[in-house]
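I've put the structures underneath this note.
Okay, so chain A shows up in both of these, paired with chain B first and chain C after.
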Partner chain A sequence: MHFNYYRPESLNQAFELMEQSSGQSRYIAGGTDLMVQIKQGLTRAENLISLRQISELQGIEEDDSGVLIKGMTLLRDIETDPLVRDLAPVLQQAVASLANVQVRNVATLGGNLVNASPAGDSIPALLVLDSRLVLAGPEGERTLPLSDFFLGPGQTRLQPLEILKAVKIPAPFENSRAAFSKIGRSAKDLALVNAAVLIRLEETTCSFCRLAAGAVGPTPQRLEQAEALITGRTINTELLETLEARVRQTVSPISDLRAGEAYRRDLAGTLVKRCIRQAIAFKTED
Partner chain B sequence: MRKNITFTLNGDRVSLEVASNTMLLELLRDHLSLTGTKEGCGHGECGACTVLVDGRNINSCLYPAFEVEGKEVITIEGLMGPQNELHTLQKSFAENGAVQCGFCTPGMILSAKALLEDNPKPDADAIRQGLAGNLCRCTGYVQILDAVQKAAQDFGIED
Partner chain C sequence: MSTDWIGSHRPRIDAFAKAAGKSRYIHDLKLPGMLYGKIKFSQYPHARIKQIDTSRAEKLSGVKAVLTAFNTPEIKIGFIQDNWVLKKDKVRQYRDEVAAVAAIDPDIAAEALELIHVEYEELPGLFSPAEALASGAPLIHETDPRGRPKNDNLLDLPWRFEHGDVHRAREESTFWVEDHFSTKATTHTCMGTAGCLAEFDLQNNLTIHCKTQIPYLAQKDFHQALTKMGLKGKNVRVQIPELGGSFGSGLDTHSYEFLAILLAHASGRPVKIVMNREEEFACLSPRQPTETIIAQGCDREGKLTFREIRMTLDNGAYTSWGATTPSVMMLPISSLYRVPNISYATQIVYTNNTYAQAMRGYGNPQATWALESNLDQLAEKASMDPYELRLRNRNHPHETTPMGLKITSCGFQECLEQVSEKLEWSAKRGSDRKKFRGVGMAALFHTGGGARVYRSDASGVILKIDDFGHVHVLTGGVEMGQGFVASLQLVTAQALGVSPENVHIIFGDTATCPWDVGTHASRGLFTAGNAVLLAAAKARDKIFQLAALHFASRVAANIKKKRKAGESVSDPECRTSYDPQDFELKNNEIFLREAPDDPLLRVSLEEILRQAHFREQGQMVVSEAFYDPENEMSDMKTGKGNISTAYIFGVHGLEVEVDTETGQVHILNYVAAHDVGRVISRQTLEGQFYGGIVQGLSYALCEEIKTSKGKMLNPNFLDYKIFSAADLDFPIHLECIETNDQAGPFGAKGVGEPGLVPVAPAVANAVYDAVGVRIKELPITPEKIRAGLKGD
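Moving on, here comes the complex of A and B:
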């Protein structure tokens, strides 16, 4: 395990290092996944370019449309941030479910996204929040919806020099409630399936919703057919059961060491239903 | 690639040259002979290698030594007082039978310290959450949770 390790202090320095380095080079965020892969010999890199010293990538801010979380913000800081608690509690719920304090003290939101694991826990939550990503490269910045970012396991639309600069989360619209849920082999393990829901109710009718799930296909995904099924309808036990069956049919998980395909289908249906119950319960409590 | 790094270790300034692929765990154990920090899995799963960096508990087996530049690192050796008296948490672990083979203990104590500094009166659930990243393969978890609870109740936290 040999690598050079660089700590640039600005985005421009990072781009330059990436451009000029010879051999295999990787940007590295908290490294809770990449460093393990390197230690195990699953990934090789001659140069690691750490993004931890770049102040442009740090912080959580309120912006005109909601909240902006910079790419290198630690998951632990998101978990405890008052602004995120107000504007995107579902993200806190998702992030707090990930691994343990030691991991969340170094893992970053940008890392969780760029890693592009089908099971990344922050992703379904950010999908139902309709988040957008700001990507920075030597030529400037561009913004794209999170839902367009993933191409497959470990694959994203990032260009070779680009860095995920920030995640923009729109402020919640009135009367909307969101929830996240996951099942792992143990409480904080990698998700076998995870899901998130954002729903707006008028009386008992769902006037708007977004549903998303992870580890049920090559990328975390919105469940559009399921969304269409419940939008405009009265939420009751019967509808939730139909929804559960629809989710089960429309997802396309794989079998691996952790769980079989059929089990994951079942879980997906259950978790989406559970999230809706959770989100609605929040509402009636108020 | 090698570089000189400077940081604070258990209150003292340390400056030394390390290679770019050195992890903090290796730096502590092999270069600085602080063997209280243990290597269990080496992959960020077990927490035996837990130390505090700027007050946060992290797994030193995955933490590049270059990243501690300018930071404050506390290991289990740094918890004792000037006369080598045990820290409240260390005493509580000893008194409550929370140590069996002792391999997980330094990491457990440092995670507990980070937890109590954030939340001086944690309930049982908060303690479980705070120690979720520390595995004890002797599985003496009940005594460990007790020890942390008692450290928080009986003594308060000193530093």
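Moving on, here comes the complex of A and C:
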């Protein structure tokens, strides 16, 4: 395993290095996925350009519309950050479910997103928070809704030189609550399916919701049909059962080494239902 | 200060270095001029090798040796010698070795492998026993190891056991249940991956550092290889570094070890081969998958009437010692519970899957899976509580089983009662289905007093004492992480009368340590411990002879010394001569049996040793013992024979809650009771049982080598899931029943494997009690339970 390793200190240096390098070049964030892929020969890279020394990519800040998390922020820092706890607790819940503390002390939020795994745990949570991404390139910055970012497994709208600079999470609107849930094959695992919900209740009626799930299609996705099913309706056991069935019908998971398609459908419905219960601390009548 | 070390909570002596990262594993070994070896494996599960072109690899700078079957002597390996270190005509599995290189660094070695071009002609592959047994199936081995043509894919090793009349018993049984159970290939997942380092001296004597549980049998295999290499009669020294787990993977010698030897000889330099994690998964041998058809019956009162088992083992492409696992499966099949009529037959089938080998339990977990799952089915059919059924048919002390096993100590009843009580069996069983909660149990039976699987079941030790009272025990046994050293240390301390910190266990060097057949079959402490008892008795005799010579003069000298230091000391009642039988040795001190508490009439062990060594016509204390237990090999034709001197019993039970929407099994409580004979090192014993239970839960609930046409799809911990600490969110209660076995060292029986054996059927029985879904194929995954709940 041989590669050149660069540590630029600014975004501009990083763009330059990427542009000038010959051969296969990759930006590297925490490397918890990329290094495994390289070791297993699944990815080749002659040049690795580390984003770790770039201060513009570090930190968690409150901005006028909510919270701004820079791309190279460690998952562990997100998990323990008081601002995120106040403004986006569901993201903490999702991040804390990912791997273990050792990995979370290396892995970054930007890496988890750019890796574009259909099972990426931070993604459903950020989808229900209606997050936007700030992408930086040599020509300047652009923002994009997270829901438009993914094209397929490992595929995103990032241009070759672009770097994910930050994730903008709007402040929660009043009376909304959110929850994340996932299921793996053992206590520490990739998600066979993961899901997140954000819901606003007026009395027992859902006045607004966003539902999302991962590992049930080529990209993590919002479940718009299911959202429409419950919006404006009273949340009760019957509706949740109907929702569960609807989610099972509408997702399009695959069968692979980790789980079969039918089982993933079952899990998707159950997890979305459970997330709603968790979010509203819903008690069943039985 | 206590001098009773047996059963103490003393920390394992090897734990400190392991926790501190100071232990030296094969990965840490590095010699001057050492080369790194790497193996090129097959790209097909079944293919003819047409040509191997190594010319480009040979030209790569830094490459010092490139080997194929075409430039090396033919070396055959395996239980029946049906495997080759390097393949010449055909590859029969994905991991077949077709070439090997040694280079100055691992990257160059890897690059050289890519430059080797192998031309294959693909052949149709057979990936299950059913495919391999189908009429017209291609032959995986065209000839048997003796060169006679084969006409099927069956291994010529048909294990059978017959007792009574099963056919008639079935007809006469009030209740009987027949069903089909299967297990998948799983692997040892040792923390320390496998590897070895081979070097020759200038006289062509070989030293090989390797991961083995059988240093002296490995030595024999390596000798045979040297003969093939034209080095007949040269010395082979096997050295074992610290091992990060072995679990049976060291019971055979492996191609990679012979390749390191060949590469070291070809290059004239030390050569190390270490498996990376992917190779460890995909290129080493797993536990054998099994398909079992089982029927058991009972009469109206619930007394077992017969047991009939037909089993098919997927051998994979070649034959390791693992092909003899049915001989151990016979133990529970013939002897767990009192069963008057038994019929057991196996067929072992060659396939193009990876070849299987020994793993903890040696077939017993696969047999117990079918047996104990089916027993719960029988209990249901007979409308009996499964606990009552087990209790009614349990084994008793001092009975001989149909296989001729002579059970001596037997705490089976106590184990059953303990599990039932701690689990609140009668209150919980069958009552919580609405909450999807259930309890289940399963029992185990295994060798606990050595196991005569080879002609010898012997264990040698040498015990020597130095000038400072430190005792070195040289043993042929192997520490592989299980706690052998810690246990033997306590046995030695207790047997000799010294403190444990003065006892040092030396293992893993055929040049210095005495012969031992191997550390397997839960025999390590039982046999080596008994050898230590013999050697310690001899050493004590010698020490007391020396004490008879030197005790009086040392007592006088010590009194003189005290007086010189100003102490007022009155003269003790000291005789001028003593007999050896006058003495006792405890806590490093030799004293008089008639005056055990006299503070003056005692001398330290080290003083006596110094007196013995430093004089004209001096003497030393070195004793040896070679212990071979009183057991017998089972007869190959009848399967009968008392293969162990003691047998261990155990019962595991657990309470689970099943999440019916996801199929997940949550364990609420786990109870395991074992008749261990006697606890020696409590920490070691608990480690063995916790470890066995967790490995068993992993086997039960998630482990599985997944393949596609013989190729492993999950050669990593990302997709080969094992239980980790995070999965253990429930209490595990261990109950040790001490029956003080007459043959065991201080009454102890072997405990290495049993903890794993009954876990899977206990889990399956608990899941059935909770939700009424009977899983018959391991692992018991949430996906299978969910499918079962949906009626798929």
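The rule is short, and it goes like this: the second predicted complex is superposed on the first by the 281 of 286 C-alpha atoms of A that agree within 3 Å, B and C clash if a C-alpha of one lies under 4 Å from a C-alpha of the other, contacts with A are read in each partner's own complex, and residues count from 1 in each chain.
We take it that a contact is a pair of C-beta atoms (placed from the backbone, for glycine too) under 8 Å apart; a residue touches a chain by one contact, two chains touch by 3 or more.
Note that this is a predicted model, so its numbers are computed, not measured.
In the superposition on chain A, contact is made by A:L190 with chain C only, not with chain B.
Shared-chain residue A:D266: touches chain C; no touch with chain B. In the superposition on chain A, A:T32 makes contact with chain B only, not with chain C. By the touch criterion stated above, A:N105 is placed in contact with chain B alone, chain C being left untouched. Once the two complexes are laid over each other on the shared chain, residue contacts for A:V134 go to neither chain B nor chain C.
Of the two partner chains placed by superposition, only chain B is touched by A:R52; chain C is not. When both complexes are overlaid on chain A, the residue A:L161 reaches neither chain B nor chain C.
In the overlay built on the shared chain, the residue A:I254 is in contact with neither chain B nor chain C. Once chain A of one complex is fitted onto chain A of the other, the partner contacts of A:H2 extend to both chain B and chain C.
When the two complexes are laid over each other on chain A, chain A has residues 1-2, 36, 40, 100, 187-188 in contact with both chain B and chain C.
If you check the complex, the residues on chain A that touch chain C are 1-2, 36, 40, 100, 183, 185-190, 257-260, 262-263, 266-267, 270. Partner chain A is touched in their complex by these residues of chain C: 107, 278, 661-664, 702, 706, 713-714, 716, 718-719, 721-724, 726-727, 729, 781-783, 786-787, 792. Contact residues of chain B toward chain A in the complex are 1, 20-21, 42-44, 47, 50, 56-59, 62-64, 66-67, 69, 111, 114-115, 129-130, 132-134. Contact residues of chain A toward chain B in the complex are 1-5, 7, 31-32, 35-36, 39-40, 48, 50, 52, 76, 99-103, 105-106, 187-188.
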